[in-house]
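What follows is a structure written as structure tokens; I'll ask about it next.
Chain IDs A, B, C, D and E follow the sequence of writing; residue 1 opens each chain.
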Amino acid sequence: MIPTEWVLALSAVLFTIGVVGVLVRRNALVIFMSIELMLNAANLAFVAFARQQQSLDGQIFVFFVMTVAAAEVAVGLAIIVNLFRLRETVFVDEINLLKG
Amino acid sequence: MNIVPQPTFLALDWWALGPVIALTVGAILLLLLEFLPQRANGNRGGIVSLLTFLFSGYAVWRVAGEKRELFGGMFVHDPMTVFFTMLFCSVGLLATLMSWDYVKRTKINQAEYYALLLSSVLGMIVMAASNDLITVFLGLELMSLALYVMVGFRRSRLESNEAALKYFLLGAFASGFLLYGIALLYGATGTTNLAMIGAFLADTPLSTNPMLLMGSLLVFVGFGFKVAAAPFHMWTPDVYEGAPTSVTGFMSAGAKAAGFAALLRVALRALGPVMADWTQMLAVIAFLTMTVGNVTALLQGNLKRMLAYSSIAHAGYILVAVAAGGPEGASAAVFYLATYSFMNIGAFAVLTMLGKGREERVLMSDLQGLGFREPLLGLALTAFMLSLAGIPPMAGFMGKLYIFGEAVKHPQLLWVVIAGVLNSVVSVYYYLRVTVALYMKEPEGEPVGISWGAPAVVAIVLTLAATLYFGLQAQGLWIQAQNSVMGLL
Amino acid sequence: MVPYLFLGFAAMLLATALMVILHKHPVTSALFLVLSFSSLAGIYLLLQAEFVGMVQIIVYAGAIMVLFLFVIMYLNLPHDVEKGAQIAVRRGIGWMVGALMLLFAGLLAKKGWVAGPAATAPADLSGGNAAAIGRVLYSRFLFPFEITSILLLVAMVGAIVMAKGRPASPEGEGE
Amino acid sequence: MNLPMLWIIPALPLAAVALNMLFGDRLGKKGTAFLACGAVGLAFAFAVRAVLTLAGRSEEERQIVETAWTWFRVGDFSVDVSFLLDPLSAIMVLVVTGVGFLIHVYSTGYMAEDPSFRRFFLYLNLFMFAMLTLVLADNYLLMFVGWEGVGLCSYLLIGFWYEKQSATDAGKKAFIVNRIGDFGFLLGVMFLIAWTGSVNFERVFASAPHLFTAGGSIITIATLLMFLGATGKSAQIPLYVWLPDAMEGPTPVSALIHAATMVTAGVYMVVRSHVLFEMAPVTLEVIAIVGAATALMAATIGLVQNDIKRVLAYSTVSQLGYMFFACGVGAFGAGIFHVMTHAFFKALLFLGAGSVIYGMHHEQDMRKMGGLATKMPVTHATMLIATIAIAGIPPFAGFWSKDEILAKAFATGHYGIFAAGLLGAVMTAFYMFRLYVLTFQGKARFDESGGHAHAHAHAADAHGAHAHDAHGHAAAHDDHGHDHGHGGPVKESPWNMTVPLSVLAVLSVIGGWVGIGKPFIEGESWMGRWLEPVLGSGPHVHHLAVSTEFGLMGLSVAIAAFGIFMAFRAYLQQPSIATAMHERFGGVHRALYNKYWVDEFYDAIAVNPIYQASMRLWRFWDEKVVDGTVNGVGYFLEGVSALLRLFQTGYVGTYALFIALGVLALFLHFLRS
Amino acid sequence: MAQLPWLSLLVFFPLAAAILVAIMPANAHKPIRWWATIAALAEFVFSLPLWWRVIPGQAGFQFEEKLDWIPVLGAQYHLGVDGVSGLLALLTTFTTLIAIIGAWTSVEKRSREFFALVLALEAGMLGTFFCLDLLLFYVFWEAMLIPMYLLIGVWGGQRRVYAAVKFFLYTMAGSVLMLVAILSLWFLQKQYSGIPTFDLQAFYQLPLAPSRQLWMFLAFAFAFAIKVPMFPLHTWLPDAHVEAPTAGSVILAAVLLKMGTYGFLRFAMPLFPNALEVCAPYIAWLAIIGIVYGALVAMVQPDMKKLVAYSSVSHMGFVVLGLMAMNSQGFAGSMMTMLNHGVSTGALFLLVGVIYERRHTRKIADFGGLWTVIPVYSVIFLVVMLSSVGLPGTNGFIGEFLVLLGAFKHSVWWAVVAATGVILSACYMLWMFQRVVFGPVTHEENRKLTDLSFRERLVFAPLLVLIFWMGVAPQPFLDRMQPALDRVLQMTNDRAQMMAQADATATAPLASRLPAAPAAVSVPAEQGGAR
């Protein structure tokens, strides 16, 4: 039996990796991937809690999160593609028309 | 536990679900109607969404006095739902009206625009009406996704696309926090149902449980992002500026209100027992939010950007109410959100009319001399600005009155109240800059063209009426706001 | 056995996740992400969430990551060039923030860890995980489920709106 | 009609003002003159009638009070507009209306050719109104109305020729200096109100002995403050500086306001308040010293001035000093007596001087006169009478009053003051006869063909290039109001000027006889008895032996004679003496000639510093510090705004970082709590 | 007549007129100004009964109108009038009429909006004076800023925007703190009586611990001090006055500044008497500094309007000083000075406006010798100047004298220092007058000046009448204001006593915990508890 704390720690580290990824990378796609990591970390936590509590709610939540993630990916990638078409770049540090 | 409950729907439930159904049907209908040819410059989308919003509002108003819990608490029909549903429908309605001609002249008049508008309002309603973190999250994502797209709707426009990208990336980032927070809350309490979380916390005082703390904190980050609380506010100006003006108006009112609705519900229902620990922190955040918003707005030359900062500042004021806590504070926040929505949409409705064709003339300098050239437009904009500044007899004043009136009851919040009122003085400066440009400067360069359109005028008139009426006679709205949080399910 | 398996998956998960954010080539990052999703799926299985584990593979590793790869390749993105002081500063700050976040979380957790309620509502697992999930999904979670469908619809519409056709020419500021 | 109708006395001139203002442009000069003089004449008649009524009463009832309406009433404090006629105000009202009437008549001649004739009489009538209010008021506040009113009229009349910078400057100076005095007066009155709860003379005086400790600090401060008011109005040290400058006004104004009436208001006020002053010996001492010092100092300055009016002005200051030290030594009656006689002879002197100036075509410098005795016989004769009167030769008016003052000073043991008075007397005699000699005796030092002595040098530039008619030009500069033909021989003034001169001359001779007292008749003088109901007979009980009285008289006559002799000697017989003296005492002469540089001194210690400080207060303190703070807040916020905008980089990375930092901060918050 | 909502009509008639004027055709200058004038005249006539219908002997509020406004808050639409507000309201309607007539020709540009705003402003001002509900008061107080702001900003001079924004921000900065205090009061009232209300008369009954009063008083006082304006919060005034159009300056000086002192009298002082006792000396000294300071700075101003503006600072210092003296003379003096200042300074601004309209300059140095050219104007100027200087016989004297007397009774030094203002006012006014009116004509342009037109004479005639009337027979005015003032005085003193006792109870437990003197303080505590 894997202690919930372990899983939780793992998910926390994974989440942090995601956060760091968002913070350090400049490629919009990679940033987006890092966000996916964060979502997955949350999912992991859900699953762990679901197991601890012998309830399915957590797993259901994961299911919904995946759906949301999929939807987000669709929209997000469309936006990034559009961005690339307009500007020939996916680097977020080259995009600061709007500032101040 | 009965795992397969037989849903027994009363007529009441159908009416209560009316907005959800109507908005879904409306959105799908709009997409389906695309198969039928329509005239160039047709208004099919607008008409359908108008009717949808009207029906939604009607449906929920019909059963306004009832309280029901549907889907095992996933969706509740209580006064707060009613209030916010009506508010979101009005926001949607006004957004439709001000989009009407704007989308035509900016060449984004597509059925999808209205479909997304409807979906986004649906998301908002779900956020406000759900008593479960799952639905809160889904509603938030529904609203956000639709908004991401709407922000980037002028996709050939660099700013629009950039705004969409930023909004999307940061929104997803914040969603990550929110989600993780929900996970922790779930872990700490074993449920995602707000009422049950509240009950759990009331039974087992665990306010020091770090999991709970971190969970609620991260949830707050997620909502804080949506309502643009400092320091999660930084996307706001860029997104507001880049988005099509009608969308900015819509999201500035709707998304913020939805974010606060969810926040309030979570705070009141689930975290009520632990909110006292949050007061000081919320006060600090409120202070930071309004100060940053107001001070940064001082020197903005772009009206949309300025209003974006102003919306941050307003989030700060509302957070003061949230910090004041309890049903009273919440009702103040609710009241403020309603008044804020009207005046802000009104201001944006005026902005949508500036410029001809695809041009966007929302710089401060574009307003110069407009006040006397277009007296009514100038008057309306002035009224909205004064209301935003919180000067009587406009609705914004009543909102501030309510919030600060609730906050002064707590001696530990006095400092933030004083900071708040001083902040509103600072804000007056930049709101006055608009009137200065309108009335006190001679026009420079090419005078801005006005794209008159009856729907936008209707929107302005409606918001103006609301702004003035609630400023002069706030009793009704006040009672509604109180009821909305008193009878929370 | 299970703990070791868990540790192995965990190690792989972290390693691949790190590679996602460390590797300079987006395609590689994406592939590492697939790997990490897969290890996550393994952990799910270990945690008695078989349905979720499978869906993780199918939806995430399968559908979502394919989409990612498709886009990366469609855009024909090269290596990310990440040089210069700005990037270095950002990297430093980023890692530091990450480290602090973990540290704070750890400290906070140490202050008074409460595990949370165990088995508040023991689920009816008859017919296996998938069946149980199905039952709940269509009863208690019917409403969110329906919302999800609208969500997907919106995503579809949104993706189409954003990406259909090629914009005639970029509009600059003030146009 | 049994009522004396006191209110009508001031009301008449006021009515004339109103009529003149409304219909003056239709009346013409004659009508205006008639209206103005008529109103004052009528006022005189009413005054006489009222005084006769008063005199007809028994001593105890010699007081007529008439309340017109309640001016204002706040809480327990109330002020009425009410008038009081008692023996004291009777003298004043007669002098004011009488002399005022004469001067009005005189002015119809003097100002005949001035284009602002109507305005002149308007002001003059207004002055009469104010002055009569002052003397008839039965409370301090109404008195203050007149007090400030006469100040206003003085301001307006000094600056009558408003296009002349020096005239308006002088007017302004007069008003402001008076205001300083008024400041004191007002505060003094407030002391009275605060302690007695009233401003009514009767009530104040009745309650004062019970409420104040005699010699106590409160009454001393209060009376000193009131005396400050008097120094302003009556041109005493330190506030005398405005009076010499006031000679910028038309000469009848100088005669009426700055010699006969207004400047004596201070004396009147002190005498009126003698009950209070008698309770404050320190104040009396101060008054005596200030009066004596003023008398001396003004006299010394008067010795060397060349402008005929300025000599008279300093002489006025000096004579006022006599009146004050009379009050200071407790001889209030003597003070009032001197006020009266002085009104006669000083008015005469000024009018005479005016006549000379008129005849000399606006020449005021005595060095350019001389030998006018034959050319202007009436003027000469009357002037001579007045000069003798002021010099203190019996039986002329001035002698009696001055002698009484000196005697009282001696009798009360103020020997220093007595000595100063004597010294002043000799100087008075000297400079007055210097004036007389330079003006009327000797050879004419002007171009007899009638050319202008100083040829209107400044007239030309004042008018520049634009055309002007003969009359239009008159208003443009100094005392040249009546430009009846440039040049022309020096000749006697018209009847409407000489008649008043003659009347005043008579009064200067006989006016003093009412005050002939002790050594000649038994008991109090008529004047003393008349004033007794007001002043009482209490304090001046120092009876001098008859021989001492006569001795003092002789001394003062001798001294006056010496002064006269010296004047004749130095300026008529041997002019070299004068020049020699100038050279011998060059420093002293310069000091005297420049009036001890008091104006410069005031400029240096008060006027300029205040101006500079105000400038700095405005430019630095107000604009930089106070407003700077306000604007500074704005700039500060703008700076913060600019700073905050820097954070808004537009980069997603930054924004995400802030979100993460926010999360960290929240963590930290909960870590700490 | 009892049922006619007279005060409401007074408040809302100008607003209705403003709206009517605002919808007239923009270029119909003549009808616009005629209608505006008729409206103002009608309003003035309609307000005249305030003079005789407000029963002088009655201290309380009359013609009260009470309607529920926001019952949930206990806010009411509550109007009423007493001697103080009645006189100030009369001053308002009178001044507005004068200002409108005075602005006939000077406002060519956008006259429609101009007159509409002036009328709207009138409504706001009247509302402020009449309302007896704190929330309503605040609403009027703030709402009034808007038209004034626009008047300055649109029709002002060179730096109008700066001045207008400064005016707005400054006033706002003060009043928002007052709002916080109002809300606290409201909350305390709710705690005390259980009924939420903003009713002023209810607040008059509300006991407040002296320790609590201080910050609330300061918040109120700050708001009012800015409006007055008191040194050192006065710097908005010169800018606003200089830049405002003549009508704006007139109304600003004549009425708006009075709001501050009226606020002291009506709200700050009776509500927080114990705090007042603590603060009064400081406020009084600030007022005295203001008197002297305003006069000194006025002396060196090269701009006539600025000079008058600083003189306002000086005069308003007298008003505040009178209030702080806390006796009937001081109060009456303050009130008189308010009225006097309204008349005299209003007239001064009109006078400056007259020559500004003709010459487009306000620099003192640009004038000189005006008496020769425009004698009627000069005479009026003289009279008004003398009234401003406080010459006895004119209105200015009564007010200043009573204030000084009141101050004297409170503290001799107050009166002594403040009385120097009397000297200084003569200095700056006379000097200005000398430079403008006296002397030779130095600028050729001035030679062509035309004297006052019939309309302008019509404007000044009533002002002159008032100057003399109030100077010679002020009793009718005093009779009207005194009962109300006495009531304020009485109430302030009573409340101060009552609450000082109450505070003993509040602090007693705390004090009894101290080791020092436990026995001494417990006695009043018990008494208070029994009460």
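Observations on the model:
In this text, a residue touches a chain if its C-beta (ideal position, glycine included) is under 8 Å from a C-beta of that chain, and two chains touch if they have at least 3 such contacts.
A quick note: this is a predicted structure, and the numbers were derived from the prediction, not measured.
Taking the mean of all protein Cα atoms as the centre, the chain whose own Cα mean lies nearest is E.
With centres defined by CA atoms alone, the chain at the far end from chain D is C. The interface with the greater count of contacting C-beta pairs, when A-B is set against B-D, is A-B. Averaged C-alpha coordinates put the centre of chain C at 67 Å from the centre of chain E. Separating the centre of chain A from that of chain D, both taken as means of CA atoms, is a distance of 96 Å. Averaging Cα coordinates per chain places chain B and chain C 29 Å apart.
Averaging Cα coordinates per chain places chain A and chain E 63 Å apart. Among the residues of chain A, those touching two or more other chains are numbered 4, 18-19, 22-23, 26, 28, 31-32, 43, 48-49, 52-53, 55, 57, 60, 64, 68, 71-72, 75, 79-80, 82, 86-87, 92-93, 95-100. Contact of a single residue of chain E with at least two other chains is seen at no position.
Chain contacts: chain B has residues 134, 138, 141, 145, 148-149, 152, 155-156, 158-159, 164-166, 169, 173, 177, 187, 190-191, 210, 213-214, 237-238, 429 touching two or more partner chains.
Pairs of chains in mutual contact: A-B, A-C, A-D, B-C, B-D, B-E, C-D, D-E.
Of all residues in chain C, only 2-3, 6, 10, 13-14, 17-18, 20-21, 26, 29-30, 33, 36-37, 40, 43-44, 46-49, 51-52, 55-56, 59-60, 63-64, 67-68, 71-72, 74-75, 77, 80, 82, 86-87, 90-91, 93-95, 97-99, 101-102, 105, 113, 115-123, 125, 129, 132-133, 136-137, 141, 144-145, 148, 151-152, 154-156, 158-163, 166-167, 170, 173 touch chain A in the complex they form. If you check the complex, the residues on chain C that touch chain D are 90, 93-94, 97, 100-101, 104-105, 107-108, 111. Residues of chain D that touch chain E in their complex: 69-77, 81, 141, 144-145, 147-149, 152, 155, 159, 162-165, 168-169, 171-172, 175-176, 179-180, 182-183, 186-187, 190-191, 193-194, 462, 476, 610-611, 613-615, 617-618, 622, 626-627, 630.
Here chain D touches chain C in the complex through residues 653, 657, 660-661, 663-664, 667-668, 670-671, going by the rule given at the top.
The touching residues of chain B, counted against chain E in their complex, run 372, 375, 386, 391-393, 397, 401, 404-405, 408-409, 414, 417-418, 421-422, 424-425, 428-429, 432, 435-436, 439-441, 473-475, 478-479, 482.
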